[in-house]
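Next, two complexes with chain A in common: one pairs it with chain B, the other with chain C.
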Partner chain A sequence: MASTTSTSSTTQEVSEPRLFGLLAEFSEASNLISAAAAIRDAGYKRWDCYSPFPVHGMDRVMRLKPTVLPWMVFAGGFAGATGALALAWFCNAYAYPLIFSGKPYWSLPANIPVAFPLTILLASITTFFGLWALTGLPRPHHPLFTSERFRRVTDDGFFIAIEATDPCYHTATTTELLRRLGAIAVEEIKD
Partner chain B sequence: MTTAITAPIYETGFDNTADDVLRQPVLVTGHATYQEVTRKVCRVAEAPRAPRAWYVCFAISLALLALLMAMIGYELFTGVGVWGNNSPVDWGFPIINFVFWVGIAHAGTLISAILLLFRQKWRTGINRFAEATTVFAVACAGIFPAIHVGRPWFEYWLAPYPNIMGDWPNFLSPLLWDACAVGTYVTVSTLFWYTGMVPDLASLRDRATSRIKHTIYGIFSLGWRGSARQWHIYERANIILAALATALVLGVSSTVSTDFAVSQIPGWHETIFPPYFTAGAIFSGFAIVLALAIPARELFGLKDLITRRHIDNLAKLTLLLGSMVLYVYLMEFVIAWYSGNMYERFAYLNREFGPYWWLGWGILFCNGVVPQVFWFKFARQTWWLAWPAAVLCIMGMWMERFVIVVVSLHRDFLPSSWHMFAPTWIDIGTLAGSFGLFFTLFLLFCRYLPMVAMSEVKAILPQAAVPHGGGQTARSGAKPE
Partner chain C sequence: MEHSSINLGPREEFYLDQAASRTSKMALAIGLVALAVAAVLGFTRHDSMRQFLFGYLTAWCFYFGITASALFFVLSHHLFRSTWSVVLRRLAEALACNFIPLAIGLIPILLGLHQIYPWTSAAYMHSTVELRNKLGILNEKFFLIRCILYFIPLIALSLYFRRVSLVQDQDGHVSRLLALRKHSGWGFLALFWIINFVGADFIMSLQPKWLTYAEPLFFFAGAIMTIYAVLPLLAMWLQQKGRLQNAITVDHYHDLGRWLFAWMMFWIYIGFAQYMLIWYANIPKETLFFLIRDMGPWLWITLALLFGHFVIPFFGLFSRRAKRRKGLLAFWCVWLLVFAYLDLFWQIMPMVWVNTPAGERALNHINHFDPYHLERSAGALAWIPLSPEAIAVNILCVLGIGGLLLAHTFYLLRKESLVPLKDPGLPESLAFEDHV
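On to the complex of A and B.
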């Protein structure tokens, strides 16, 4: 049962606890993979696996789509490169042209030392913020944090959570399925 | 907790350095369960008191940091005349220290990023640690160009912004290149370091016993839940950041070397400079990671995670990079002779036989000869040989920066303008103080943050490997049981 002590956030003014779903614990990464495959085949859509480290092959089993992150990074890097070159051209060839050592006002090779780091800078910043945007973080509170058992997910716990909003969800049958797949514990999560 | 696959147990101190091509090398020794990994790493941050040696080191570091603040304060109030910089050696200690610290910063990103791209699993024991040295070393490096400009309160002039004077910065100026390169490097290495740390901060959050720790680690772990959908994106982001950081490592050192190479001074005006600086930078970075890892694994009881194999590999890489540096040293002499240019020839004869001859030979000894001891396994595995060798390499790299900056400048084309350089006590105090800043930050990191990347170490434990059959079953859609 959902414990009320030491949750990460303090939303304790619970009028009526809403059912989030079921949390099942598995003993090993390999059990988690096989259980995930079965849950996928059973037709569930709103569910996720939780593990202390990325389990190899899980994205294939869960049929996760490739992330759009690389395209966002490319856009960021492209903006950095063109922005830096445009800025250099604007400053040194258009707004304030000066001759330094008889060099041309603007040339591509001479401006690479600035354009290169700015490309990397914008691409990295896009990666960083894109990562958190796509993973839905920061998120201080999550219904799963009400589970005392779930605290082990960052230590040695392997979990599957199926949300109550899933069309296939039915507390009794889903619990039964999870138990049959080898879950060592199944609990209801209320938030 | 029952384990389906029983992991072989390698006792603490197990010699995992042997290379048996038929077997996977053992990367984690001791009783390596997931819980053990979490416990071993977190216990450093959770202990109510640090080891006594930590307090002693921290007190010394804080004293040096105070010295740095005093030196910078004195310099700001008095002017750059307090340093030994004077014509013809207008670039003295500030630039030497800047290039030195930028170099130190390089191994962290390299170990982390390049070894990640090459899928070198042993990196997981030391990558967090190495990334931390990067972030702190760049912080030290950034100070020097900032104070070297003399009036740091006008540094915003480097930024392109519409101003009342109607002028714009010169994008062909090495000062602007440095600002872009170092600014980008400090940002990207911090982002990379922090992104890697989020799942481990979540471990500390979930183990926190006090409300305040729970809140602080909770804020910085962003509410990480370790879900497969999160890991999926997270792993991709880490690879992208690694690829960007790798390109940046090569870019930053090349940019710093270009500050020299675009000038006309004999000893600076060379096309070999970008790869030369990069090799030297990575070499000094490996040496400092080696020099820090040897005491840290003893002091914080991390011998099972930073194993003898890690030290062995670090020593081998130091040897490799040291040999590359030696090659460049020798190649510079060959090119000076082969160029037929009398100024270039003189610069290199002066380096070995001029007034700073002891530094010229010193760098050949420290960076060329000393790392060669790592050919011998005994030297790689014996701390009282490996540690002094690493420290000599670091000192050698500082001397190399001195030789490049001062020895090239003090005798240029016209003998009437030759002059010797002597540092003042402010110069020396600032250099010593920068080590104080580095070690203060590093010791705080060791004490309060996860020093080893737990989630990555867990992923390389034998029991984390999912049998290939599991994936097959999953793909074909057959239900187990």
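On to the complex of A and C.
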């Protein structure tokens, strides 16, 4: 192992921050909407809007695709229902048949109470962790946190960030576009 | 709240004016004719009007459910300080006032009490110790007193909540809204208990021998669902007439659809809980109810309810799209209203044959754990409430009472604004948008 080279390359990564993209601040929510529409029309793909509260109509303007989470939840709930019924059947009717109060070994009504909570349990667990997976949580750090200005996003700041990995991204022209759309400040984010 | 942000459009968009009177008159005519034909058809059956009275009772309970759930909508709106439903509240307020015609509509039921309820017969009630012990509750005098006790608060609440809301249209005082919120608490509790007691008195007491856990709550669950099917249909009708075009949006329909779905789930939850506990305990006094509905044609109605009131609409109403597309939502609203009626039909109509001497004799087999002979002796009897004329009487009763109540609703809506104009929550309701 060439230990010296690997060490030097690590220090190089730390000393030279990677470019994340451009952060633009807008003065109010309506400007954010019109700017988002223009950025969408300009063909950008990897960008996002940040605001202190949900802005009505933003989903439509950004052309956000519906989430696949409901399908994951459905699969979770289905697995819970069938799993519970299969387990009850295997235990009570197949592996070790027992007679309880003169009821048949296997019967649907008796096992619905088991299937019901397990459906809910697996569906809610899928919802919880599915949401984490789809939103990329847990994420202790985000490049935008390096910006002093961005702190106001939880108070009164409206922002759009365009990532450098976007095929349309070009520092000069993108900055120019954001300024034209009414950004009161544009800064380069490095992390 | 800034009133400049209210954009209701021109005045014609939120007043019905002539259209209300026209619809009201038409509904009145249809209602009167349908009820008259039902009564004549019932008379020609020579069963001392039993079929007519049972059909009438079923339709009355169905519309009691819709009216009670309209009041439920108004009271829960105030109790939870909702703003999304402000634009729908005036319609629910008018529907809730149908308690007045419903109280008048009690007269045929009270006159036919002896034909409908077996507990009106002294000989029947003294036949067993258990029945004798129920005489304190199941007697005509106390039944009448209870009817009065139910309808006084119901009528008072519905009139008060509509009146104060209309006064606020004039003066715009926020104190009106605060008064309504103050009274919504006890009103909500009173309404809950009254619906449960109506379920016990009008439906469960049809079988005085029956013991159960959840029948009144089952009636409550089925009843409350109906307003969330009626309001979208009424709103769509109004929008087709050019009213409330901007006020009611797809987001309001979406939320009504969600409530419809939720109450449908509550119905099967309570219905299944009752069924499973009775199935598991397997005591004749309790299984009586399901045994009767297990025989011959009634098994198919039971299964139709399971699938039509739960399984099929569960998948049909599940997706976001189904609740946001008007045509689809309207389809499921009509579907669930039909099955809400079938639910009451299933609870009430078998009593047409059960509460007869022949039915009583047939059911004696239950006490001997003899379902085979029960099926044999009762099989033909079970068809009585399902003959074509009998079903025609039922349908005519639904049209009849429905027509009269619709006439009353539109009579109330003829002059007032279709939305509460000076409610502080109106701008928020108009701008309501659904993010989920």
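Quick notes
The criterion applied here is as follows: the second predicted complex is superposed on the first by the 178 of 191 C-alpha atoms of A that agree within 3 Å, B and C clash if a C-alpha of one lies under 4 Å from a C-alpha of the other, contacts with A are read in each partner's own complex, and residues count from 1 in each chain.
Here is the rule we go by: a contact is a pair of C-beta atoms (placed from the backbone, for glycine too) under 8 Å apart; a residue touches a chain by one contact, two chains touch by 3 or more.
Model, not experiment: these values are computed from the prediction.
Overlap between chain B and chain C is detected when the two structures are superposed via chain A. Contact with chain B, but none with chain C, is seen for A:Leu118 once the two complexes are overlaid on the shared chain. When the shared chain is aligned, chain B comes close enough to touch A:Leu181, but chain C does not. Which of chain B and chain C touches more residues of chain A: that partner is B.
Of the two partner chains placed by superposition, only chain C is touched by A:Pro109; chain B is not. In the superposition on chain A, A:Leu69 makes contact with chain B only, not with chain C. For the contact definition in use here, the residues of chain A common to its chain B contact set and its chain C contact set are 54, 56-57, 59, 70, 103, 110, 113. Contact residues of chain A toward chain C in the complex are 54, 56-57, 59, 66, 70, 101-103, 109-110, 112-113.
Taken in their complex, chain B has these residues touching chain A: 1-5, 33-35, 38, 160, 166-172, 176-177, 180-181, 183-185, 187-188, 191-192, 195, 199, 202-203, 205-207, 214, 218-219, 222-237, 240-241, 244-245, 247-248, 251-252, 255, 258, 454-456, 458-459, 463-467, 470-471, 473-475, 477, 479-481. Across the interface of their complex, chain B is touched by residues 6, 8, 27-31, 33-38, 41, 48-62, 64, 67, 69-70, 73, 87-88, 90-92, 95-96, 98, 100, 103, 110-111, 113-114, 116-118, 120-121, 123-125, 127-128, 130-132, 134-135, 137-142, 144-145, 151-156, 180-182 of chain A. By the touch rule above, chain C contacts chain A in their complex via residues 272, 275-276, 279-280, 282, 319-320, 431, 433, 435.
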